[in-house]
Amino acid sequence: MSAAWLPVLPVVAPLLAAPLWLVVRRPQVAWWGSMAVGAVAFAAAAALLVTVLRNGPVDYAFGGWPPPIGIAYRIDLLGAFVLVLVSGVSWVVSWAGGRGVEREVDEPRRALFFSAYLLCLAGLSGMVLTGDLFNLFVFLEISSLSTYVLVAAGRDRRALPASFRYLIMGTVGATFVLIGIGLLYAGTGTLNMADLAARLPEAFDRRAVHTGIVFLIVGIAIKAALFPLHHWLPDAYARAPGVVSAFLAATATKVAIYVFIRVVFFVFGAQATLEALAVQHTLTALAAAAVVFGSWAALRQDDTKRLLAYSSVAQIGYIVLGLMLADVAGLQAGLTHLFNHALMKGALFLALVAVVYHGGGQRLSDLAGLGARMPLTAAVIVIGGLSLIGVPLTAGFVGKWLLVEAAAAKGAWWLIAVVVVGSVFALGYVGRMLEALYFRAPAAQGGAGIAEAPLGLLVPALVLAAANLYFGIDTRLSAGLAGRVAAALGGAG
Amino acid sequence: MSVEYGLTLTLLAFMLLAAWALARSDDLLAAVMLAGIISLASAAVFTVMDAVDVAFTEAAVGAGVATLLSVRALGVLGERRAAGRARVGLPFLVVLVCGGLLLYGTADLPAYGDPAAPAMQHVAPHYLARGGVETGVPNIVTAVLASYRGFDTFGELVVIFTAGLGVLTLLAGSGVSGARSEVDAGDRDIIVRQVVKWLVPFVLLFALYVQFHGDYGPGGGFQAGVIFAAGMVLYALTFGLPRLERVLPPSRLRLLAATGVWLYGGVGVACLLRGGAFLDYAVLAEDAVDGQHLGILLVELGVGLTVFSVMVLIYRAFTRQRHGGVE
Amino acid sequence: MSAVVDGLAWAAIGLGVFVCFSGAFGLLRFPDFYSRLHAAGVTDTLGAGLVLLGLMLQAGWSLAAAKLALILLFAWVSGPTASHVLARAARHDGLEPWTGAEGRRR
Amino acid sequence: MNGVAHAWLIVALMMSGLYIVMASAHLFKKLIGLSVFQVSVFMLYISLGVVEGAAPPIVEPGVDAYSNPLPHVLILTAIVVGIATMALALALLVRIRRAYGTLDEAALAAKDEDA
C-alpha cells in the first residue's frame, strides 16, 4: 500500500463503508463488515505510528492545496499515538457488537447501529488527525451526531432524554468551539493550526484572540466532560447500550482531551495561554474537584454503569491534573493515564455487557453471586477494578504513580493528597462491586439461567483486561511513548 | 455610518424583538414561527453583507426546511404549549458571563466593513486573486467550498447523511404503514391541486438550474438538493405520500443517499488512484483547470443527491409517525 | 436610462412600498382573520408587483429583468393560492367571519 | 463611520438564544432557542468578512473589491450542521414524547424516579 493512502485511510475507510448498511440492511453482514473496516483503520493507524517513529511527522495536504490555503493533516507522534489508541480500542469493542446488540438493540435498528458506529469512529479519527481548526469542528459534529444516535439506539427509554440532554449540551459546546474559531480567525486571518501558532504571538494582545481561546477551551471542556460541565455524561453512559458505553468511555472523552492538548500546547503555546489567561489555576482547581466529586459520587451509586460513569468524571480529572502541571513529567503522566483509562473503562463496560447478556440487571445487587457463575466475566471486573484503584502491576498504577512523582517534583503536595483521596474512594466503589460479586448470595432463585456469557462478548473483554495487566508491567508503549510525546511537547511549549 | 450598516442594525434590532417575543411565548407553534422569522431576517442580513450563497441557504434551510420539519414534528408530538416553570437564576448568570466576555472580545474588532482587518489579509486574498484562475470557477465561494476546502464539504455531506441515518434509526419500526387517510389523500382542493401540478416541474427545473449554475452564481449542490426535495414534499403534501412513494420508494432514496456520499468520496479515491492527494481534482484531466472543473461538478452532484434524498427520507419518516399517544 | 423611465421606476417602487405598508397596517388593525387575510393578500400581489415592476424598469432589457418577471409570476400564483388555503383552513376550523354585529374580536 | 454596534446586537441575540436553551423547561422550546443561538453565531462570522462597498465574491471583469469568501464557506457548512442536528433532535423528541407522554423536563425526571 502506498504511503499516500495511509493518512486518509483511518478516516475515509469508515466514512465510505458506513453508507453500505443503509442499503444492505443485514445486521450480521453489517457487523462483520464493520469489524473488517475497523481492522483496516487500526492497521493504517499502526502503520502511521511506525512511520512517524521512523521518519518524523507526516504532512498531508488535501486537494493538493498547500496549507493554509487548503486543509492539511500534520500527524505527529501525539496524533499517531492517540489514533492507535482510539482505533485499536474501538476495534476490539466492536467485536462485542454482534452479541451486544442482540440483547440491547431492536432488530430494525441493528444494521444502522453499525453505520453510526463507523461514522463515530471516522469522526473521532478525523478530529485526531486534522491540522485545521474548522475541519476539527466538522469532524467533531460527525462524531457527536453519531454518538447521539448510538446512545439512543437501545431499548432503555431513559436513554432518550439522556441522549437529548447530551445533544443540547454537545451542540452548545460545539457552538462555543465555533465562536472560538471565528474570533481566532478574526484576530489572525487563518484556520490552519500550525499557521495560527506562528501568527499568534503578534496577535496575542488582541481581545478577540483572548476571548476566542476561552470559548474554544470551554467548548472542548464540555465535550471532555470536565467538572462542572460533566452533567451529560453519567446518564448518557449509563443508559446507552453497553457496547456504546464501552466505546464512548474509551474514546470520546479521550479525543476531546487530546484536542485540548493540541490546541493549548501546540497552537496557543502553553506559557502564554496558561499564564496570561489564568487557565492553569482554574483548570487545576476544577480537575481536583472532578477527582474528589467524581469519586465520591461513584461511591454513592447503586447502578453499576452510573458508578463507572462517575468514575470516568474522576479519571478525566486525573488526566487534566497531570496536563496542568505543564512540565514534561506531568504531561507524561496525563497522557499515560489517558491511554490506560481507555483500557480500563473499555474492559469494565464490556464486562457489564456480558453480565446483562443472560438477563442480569445493572444494579449492584444484580452482581451478587456472579463470581461463581460467571468466573471469567468476574475476573475481568476484578482486573479492571484493581486497575481503576491503581494497584501495582495494573495499568492504572502506572499513570497515577507518574502523576504523584510529577507532583512531588514540583512540590505540589496537596495534589498528591487529592490523588490519595480519589484512590481511597475508588477502593470503596470498586470494593462494593467486588463484594457483591464474591461475598453476596444471589438475591433469589430466579436467576437460574445466568451463566457465563458467549465467547463473542468474553473475548474482547478478556483482551482488554489482559491489556490492563500487560501495560501494567511493560510500559514501553504507554508511558514510554507518552514520555517521548511529552518531551516533544515540552520543547514546543 | 453607511446605509448598508444602518440596514443591518435595523434588521438586527428587529430580530432581537422577535427573540424577546420568542422567549416570553408559551405557544410552541408561535415559537417555531418566530424562529423562522429570525432566520429569514438573518438571510436578509446575509444579503446586505454580500454573502449571497449563505443567504440563499439560510432562507431555504433555516426558514424553510427547519420550519417545515418543526411544524410536522409538532403535529406528531401533539404538544401545544410549554407550560412548565422556567429556571431563571443560573441561566441568567451564565448568559451574563458569556455575553460580557463576548462584548469584551468583540470590542476591539476592526470596524464593520474594514478592508484592512486581519481576516482579510492572509488567506482570503489568495482565494480572490487566484481562485478563479486555479479552479476555473468564478463563484469563489463554490471554488473554496468544493476545492480548496473540499474535505470540509465532504465532512458536511457526511453530517447530513448521519442525520438522515439517525432519524431513520430512531424512528425505525415506529411508523405507520398501509392506508391512512391523512397521509394518503393529500389535499383534495382543486385549486391547490392544479397550482401544484403546474408549479412542481418549475421547482424541479429551478433546482437543476441551481445545481449546475453554482459555478457562476449563488447556488450549488446543497441548495439544489434542498429545493428539489421541497418540490417533492410539495407534491406529497398535495397528492399524498403514496403517490410520491410510487415514484421514489424508500429503498431507492436510501440508495441515492448512499450514492451521493460514495460519489463524493469516490472522486477523492479516484484522485488517489491517479497519483494525487485525496480530492486533488487537478489529476483528473490532462489540464489541471479542466480536472478542477470536472471534480467540482461531480462532488456538487454528490452533495445534491444526498441532500435531496436525505431531506425526503426525513420528511417521510416524520409524516409516517402516529400522532400523539404514549407507548 | 432616460429620466422618464427612471422616474416611472421610482414611482412604482414608492407606490409598492406604500401598498405594502398599508397591507401591514391592515394586518394589525383589521377586526378579524378574514379581513386581515385580505390586507395581507394586497401586500403579496399589488405591493410586491409594483416593487418588482419598478426594479424591472431599473434593470432594463436584461437577464435580471427576465428573472424578476419570473419571480413576479411566481408570486402572483403562489400568493393567492396561499391566501385561499389559509381561508379554507380557517373556515374548516369553524371560524365565522366578523359581521360587525358582536363588536371587535381577535 | 461604522463601528462594532452590529457585534453588540449579535451578541445580545446570541445570548437570548442561549438563555432560552437553558431556561426553558420544555424540550422543544430548548431546541428552538438553540437554533436562534446558532443563527446569531452565523451572523457574527459573516460580519467578519464584509468589505465596505465591495461586491459578493463572484469574480467579474471590472470589479476589483470583493467581500471575504472564507466565512461564507464556513457558515454554509455550519448551516448544514445546524439543520442536521435539528432533524435528529426532533426525532428524539418524537420518541421521548411517545415513551413518556410529556416533554416537560421536571415531569420527565419525575417519571423515571418511580420507574
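Which chain is which? They are A, B, C and D, in the order written, and residues in each are numbered from 1.
Definition applied: a residue touches a chain if its C-beta (ideal position, glycine included) is under 8 Å from a C-beta of that chain, and two chains touch if they have at least 3 such contacts.
Fair warning: this is a prediction, and the values are worked out from it, not measured in the lab.
Looking at contact counts per chain pair, the maximum sits at B-D.
As a whole-number value, the distance joining the C-alpha centres of subunit B and subunit C reads 28 Å. Separation between the centroids of subunit A and subunit C, computed from CA atoms only, is 57 Å.
Each chain gets a centre from the mean of its Cα atoms; for subunit A and subunit B, those two points are 31 Å apart. Within subunit A, contacts with two or more other chains are made by residues 134, 138, 141, 145, 148-149, 152, 179, 185-186, 191. In subunit C, no residue reaches two or more other chains under the touch definition. Within subunit B, the positions touching two or more other chains are listed as 102, 106-107, 109, 117, 119-120, 123-124, 127, 149, 152, 155-156, 159, 162-163, 166, 170.
All chain pairs in contact, by the document's touch criterion: A-B, A-D, B-C, B-D. Residues 1-2, 4-5, 8-9, 12-13, 15-16, 19-20, 22-23, 28, 31-32, 35, 38-39, 42, 45-46, 49-54, 57-58, 61-62, 65-66, 69-70, 73-74, 76-79, 82-88, 90-92, 94-95, 98-99, 102-103, 106-107, 109, 111-115, 117, 119-120, 123-124, 127-128, 131-132, 138-141, 144-145, 149, 152-153, 155-156, 159-160, 162-164, 166-167, 170-171, 174, 216-218, 222, 314, 317-318, 321-322, 324-327 of subunit B are the ones that touch subunit D when the two sit in their complex.
Of all the residues in subunit B, the ones that touch subunit C in their complex are 189, 191-192, 195, 198-199, 202. By the touch criterion given at the top, residues 101-102, 104-110, 117-124, 126-127, 147-152, 154-156, 158-159, 161-163, 165-166, 168-170, 172-173, 254-255, 257-258, 261-262, 265-266, 268-269, 272, 275-283 of subunit B touch subunit A in their complex. Residues 74, 77-78, 81, 84-85, 88 of subunit C are the ones touching subunit B in the complex.
The touching residues of subunit D, when paired with subunit A in their complex, are 18, 21, 27, 30-31, 34, 37-38, 41, 44-45, 48, 70-71, 74, 77-78, 81, 84-85, 88-89, 92-93, 95-96, 99-100, 108, 112, 115.
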